[in-house]
Amino acid sequence: MKRLNPSLIAGGVIVAVIVLMALVSFVWTPYDATLVTPASRLLEPSWSHWFGTDKFGRDVLSQIMVGSRTTLFVGVVAVGVAAVIGVPLGILAAMVRRWPSEVIMRANDLLLAFPALLLAIMFGAVFGASTLTAMVAIGIASVPSFARVIRSGALQVMRTEYVLAARAAGRQPFPIALRHVLPNVTSLITVQASVSFAIAVLAEAALSFLGYGTPPPTPSWGRMLQESQEFLFTAPRLAIFPGIAIAIAVLGFNLLGDGLRDRFDPKLEDRR
Amino acid sequence: MALVSDVDLTVGAGERVGLIGESGSGKSLTALSILGLLPEDVRAGGSVRLDGVDHELVGADERRMSRVRGRDIAMVFQEPMTALNPTMRVGDQIAEAMLIHKTLAKPAARTAAADLLDRVQLPAETLRAYPHQLSGGQRQRVVLALALANDPALLICDEPTTALDVTVQALVLDLIVRGVVDRSSALLFITHDLAVVATVCERVLVMYGGRVVEAGPVAEVFTRPRHRYTEGLLAASDLETTSRRLTTIPGNVPPAGRFPSGCVFRTRCAHATALCEETPPWTGSETEGFACHHPAGVGND
Amino acid sequence: MTEHIPTTHELETPTAIQVVDLVRDYPRPRTSLFQPAPVVHALRGVSLEIKQGERFGIVGESGCGKSTLLRLIAALDRATSGHVIVEDTDITRLPERRLRSLRENLQLVFQDPMSSLDPRMRVRDIIAEPLVVQGHPASGERVRELLEAVGLSADAGDRYPHQFSGGQRQRISIARALAPRPRILIADEPVSALDVSVRAQVLNLISDLVDELDLTLVFVSHDLSVVKHVCDRVAVMNAGQIVETGYTGDVYAAPQHPYTQRLVSAIPTLQRALSGATTADLLAKGESA
Amino acid sequence: MILRLIERTGVFLVSLAVSSILVFAFMAVLPGDPARVALGVNASDEAVAELRRQFGLDRPLPTQYFDWLGGLLHGDLGTSYVSKVAIGPQVFDRLQVTLWLVVAGMIIALAVAAPAGTVMAARHRKISGLALSAFSQVGVAVPAFLAGILLIVVFAVRLGWLPANGWTPPAQDPAMFVKQLILPALSLGLVQGAVLTRYVRSAVLDVLREDYLRTARAKGLRPFQALWRHGLRNAAVPVVTVLGLQLATLLIGAVVVERVFVIPGLGSLLLDGVSNRDLLLVQDVVMVLVLAVLLVNFLVDLLYVALDPRLRTA
Amino acid sequence: GSGTSSGSSPGGDQNLSIGLVAEPASLDFTTTDGAAIPQVLLGNVYETLVKQDDSGKIVPSLAKSWTVSPDRKTYTFDLVDNAKFTNDKQFTANDAVFSINRVKTAWTTSLKAAMDVVSQAKALSPTQLQVTLTKPSNDWLFRMTTRIGAMFSESGVSALATAPVGSGPFKFSKWNRGDSIVMVRNDSYWGAKPYFQQVTLKYFKDATALNNALLTGTINVIGTVQAPEALSQFTSNDKYQVIEGTTNGEVLLSFNNSLPLFKDVRTRQGIRMAIDHKALLDTCWAGRGKLIGSMVPPTDPWYEDLTGVAPYDLAKAKSLLQASGAAGKTLRLRLPTLPYTTSCGQVVKSQLEQAGLKVAIDQLEFPAAWLTTVFKNADYDMSIIAHVEPRDLGAVFNAKYYTRYDDPTLQGYLAAADSGDEAAQVDNMKKAARRLSEQAAGDWLFLLPNLMVADKSVKGLPTNAITENFDLSKLAR
């Protein structure tokens, strides 16, 4: 039996809480997260505003809740783009002959030379700054790592005798990719996805900080952090709450990735 | 959970003892516990003593154990492909074995290394080679040279030839035997191949389910097995039989920890009775005997 | 090479597999852009003929090209030159889509009980895969029948490969191979990874099935004693070539080629050991030869 | 070895050529006319056309590309459309600044990660290892700019030990240079160090499970000695890969830290270039970044060979 | 090498370091737009014939005095005779003619249009200049105080972008791009010599970094506070002085008046009334700044408080918007990426939505994207930007500008103001401002404050920032 490890549990719980928070925020938040109420600006945390309010009088807790949607959106888009391109590319590179495979992997390496932030800034310049464009850029920048990991996993699968057996049974390459290779690299995909998720969340925060991220007033933890800067001395809590939210989310996804990795690690597995 | 229990074994100076048993019967764990190199989550209890070492080996601290390892007890592992450091020259790896224990100084260690390689019939150029430049058989010979470097009192070989071809196996086996005979070291030879044990060793211990079920001189055990398991093994490995069908032991080796209580073999034994639910006592001497309620060759057979 | 004189019966038996002057070179990774890639000559002109219903063994040491030969026979790889003729069809250069009858008639069992079954598939689906691919109705009936034939209980179909021991996995492999009712069964070291007790079980099973279903068996092993037990005829391979072919008993008792001699003498056996053979004896004969 | 070098060099050069086309093409599709931005919005169309002609923007794209490439090969990065100064020296200056920052950050990261990761792996079941693990997990989760802000608040504003921001070239005032480098390098290095720690840990863990380490211990080496003599070099191979990738990300990732610490590095040059639509400048900076990344990968490739004899094809 | 001069001691007694926000992209304001270049160079490196004093009056500079012909078309300037350019050339009437003509020929920015009214510039003697206009224009003389009035040396315009040559109290010394510009005292200046030997203008993109720089002593002055909320840390500390005055920067919520929806005055008025300006200023700019109600800052002679024209009235706003059919519609508020627009945009959105509009904010990178999309192509519904040019009422509200505000009545007032005498000018400008406010051609959210923080010891900082330039010559310790 596979054991659940502490990382997996901790990561899973954190991620579940974030997802729950995002879902709840669709139907209920303590206050309207974008409503400006000058009368209640910069309130200290209290029973009515657990995390206090910001300079627009918006409830920080509500913003954090709605912000979790942005965070998840960011991760889903970035990881989605990376996986949708990277996984087939990786599998393809493992299945085709040497020359085409070499070309795919070289192109992949080339993409690596355009770091995520660079791509995001350039995409922002071309297509207009929005969360979506930024995240598509982050996603594209994460393609190489996906493709690499998946390719090496797929290569291992391609070398197994069950693939040979499937060929001997008359399976064509595409069905082999679908029925044998893909299922056997899902663990790698999952691990890579959780790690990329964490990276995307960090990248969004950095982009929001530079002004290339989520435009206002959509709450985003990164932008909350950026807006809180002028209050660092007078109301540091405005920086602390989103800062902690980002850190916990990244921690959660990283832990989940670590946990999944341990769980799927054959070296740890075959001791049992 | 107990993976190996009640294993008593004695290897006399200069004696060649085989340890046989199917995969998962606990042979490697036994060997590793002698050396104190068990995996982290496995612990050994009991006592291991070595002539010439004045302390108990089980539970000895790392500092004392590391002085024993490689000098008094050496080991050859199963996988020649991974047992050597891929980033270090072969010569340095052999010389290191001597430098650690300060048996020789640096320049002397190098000539000694060349000498050792010569003894395992490898050319002196091998000194400068990296492991990946050698074949499996060559690597295993390097590992052997490394193990013999400090003339150990006891050499443990854990399935040293399973990964090798027969012709290479023949060479390596011969080198092992010559190596220990020359140094009058004791040899504990682990394998699952009865024929190999019979060729290499003088005495044999049969393991099953983490227990030694039978022990005795090779000729004795392999011609007149007493334990039903030994009997089954012998029958199953006899490919010379004229009938198309081979004799088999029914069932499978249970996974670790799932062996039955009492006689570990009773679930697969045709002779098992209710009596076998009790752990069979050891019949015989320390070096020769068996643990079976219904031994073979008694008459009811 | 072989001094055995074929009987008329043998001459009349149709040929199941014929291999003619088969060559397979593998390119090694290039070390230079300017020089041609170095090649590994995995097969250097192999010719064989295997009759229908025959139990044919191939022995040889690691890397001598046994698996390569099998892959070419099963059309899982392309020959550099030469021909493979299976049941009167030259399959050497047939495109994948015209290999259907080969895929139905010829099946394989592999060495590694760990990697020969897809860990993410249920045993039922693994066994049914050749049927599904070849468009047969994959009835639960047939799967149960096959499971029973290899001595596994019917509920084994619902489980995953990792829930089985090595020997049981090898049985599953065999069941899969038998699914499309092939006439030729090719086994690549099917027992090398198994313990002696389990080895005996699997060898018995293969023997029984070959008899029952009247199969042609091609059995590859590095272990001459196993081949001798299972097969009628044997080919000894060394460095991509066949050095000796003959009836197993003959080859074993009186090896002709020096390589075969060395091979035979290096095999430790219980009998020899008990009659006093030492490790030196394993070497002696081969060296003197 | 030599052949491998030649091959790698070939790959490197081809990659470089392809990147240059990509970068050029990307700039060509960037909306916003550089001439118009430079002239202001109400500039007449003639003035804009004149400026375009002056910059050679009216020529066919391939001509522009080859001119640019030719310039690059001679070390001439052209003249900025906006500031009308030569781009080369500017990029070179900024690159130096960023390199200092990145290298200092990397050194801190390595200094943190190598021992911490090794200890974490070696004692991965002990409290000390777990505590370190937890610590690094938190480190990974903190964005670099947040770390920077916190460092400034504590060490510059509250304690007043170090300057909050700014940059002094080492040649001008070495003491000041060091003082100003510490905080940004720390905020970059600590976060990267936390990331790297995890890779070091898993690489060392992998190595710890290797047979040859058991062989080394069977020879009589104590666990730590065995790890030191036989493990680290092998563990270095995967770590070097990550290091290479990180260095690449750092080059551009430093832009955030440059912003927080007001450091005139390549990142801020790039951001300025983008917002001023100083296309040629952006094109050059991106090309330099890509060159740096490819160069690092190239060096990493060579480093592998030094580390792992298996890659030295005879 | 790149980098700044100073770290631990930004001062020394003779040195001053000022933190600013927008770094120029080039030093040539004849071909590059934007406020950053004149902020540094005008008045400090380049001088004009006439300049504005603190109260906005036009006073002599390189021209000792001037006369206007009765038809108000001919201006005769008496020039100083001891002014010298930093290339050691004497300043003469020829340089003035050269500079004025050059605006028409070599300048490429939009501001050159202010010189169109000049028909001829002539040197009567080395110290006497005569300029003839095609029609009377009050505005022309005023514009001569801005960058287009800058006097260049005939032989000093070869490298304007990198090596400016002027006659002012400071010389351009060094530019560490991405970091700072260093100016040194012009010791051969013809007028009163400045106190500081060297002034470093350091640029910070990040408002917090700017504050931190002052807190840790990297700079002595924050030239423009971009994070007014953070001011409290300085007001509570007696090491610092905080200066608060006014600027010319009207923060305008602009409407695209060419759109059908905005052609209806009720929409525009509804929007103006939906905005609670006091609350807006308090939330988005910490209450710093002034509510003006039209396009005129208090420092202009024709200023009137027009905040009462469209007072906050949510109910009325709702009904106006309902009546015009704007209610329920979605308007695009396209914001440039600037601190005050990002901040105020969110308040505007929230307030307008309470009045029944839907507002979709999207951010355009400033300057490039915003300039092209909103400013040039007028592809927007509403936007926010501060118009910092002095006396820019007429420039902003016309049919060609991005506001697309076509109003003949307004144009009539403006023309009358430009050609009339001083009293007529004031009167007509007042009318124009009121017209704009009543017609709700835009909404003036507030007037940007001149917010500066400096070490206590720094003297001579201007209370109001009404000119394009930051006058460094008056600063002292």
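Order as written gives the chain letters A, B, C, D and E; numbering starts at 1 within each chain.
Assume a residue touches a chain if its C-beta (ideal position, glycine included) is under 8 Å from a C-beta of that chain, and two chains touch if they have at least 3 such contacts.
In this text, all values refer to a predicted model and were calculated from it rather than measured experimentally.
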Leader among chain pairs (count of C-beta contacts): D-E
Chain separated most widely from chain B, comparing mean CA positions: E
Computed distance of Cα centres, chain E from chain A, in Å: 44
Chain centre separation (chain B, chain E; CA means) in Å: 90
Centre-of-Cα separation between chain D and chain A, whole angstrom: 22
Junction residues of chain D - those touching two or more other chains: 31-32, 149, 157, 259, 271, 274, 314
Of all residues in chain B, the ones touching two or more other chains: none
Sites on chain E at which at least two other chains make contact: 206, 208, 365, 368-369
Residues on chain D engaged by chain A in the complex (per definition of touch): 11, 14-15, 18-19, 22, 26, 29-32, 137-138, 140-146, 149, 153, 157, 198, 206, 209, 245, 248-249, 251-253, 255-256, 259, 270-271, 274, 286, 289-290, 293-294, 297
Chain C residues touching chain A - in the complex, by the definition given at the top: 71, 74, 76, 96, 99-100, 103, 106-108, 110-112, 115-121, 126, 129-130, 133-134, 173, 176, 180
In the complex, chain A residues that touch chain C: 160-162, 164-172, 175, 179-180, 183-184, 186
Touching residues (chain side chain A, partner chain E) in the complex: 34-36, 38, 41, 55-57, 124-125, 128-130, 211, 215-217, 227, 229-234
Residues on chain D engaged by chain B in the complex (per definition of touch): 125, 210-212, 214-223, 229-230, 233-234, 307-310, 314
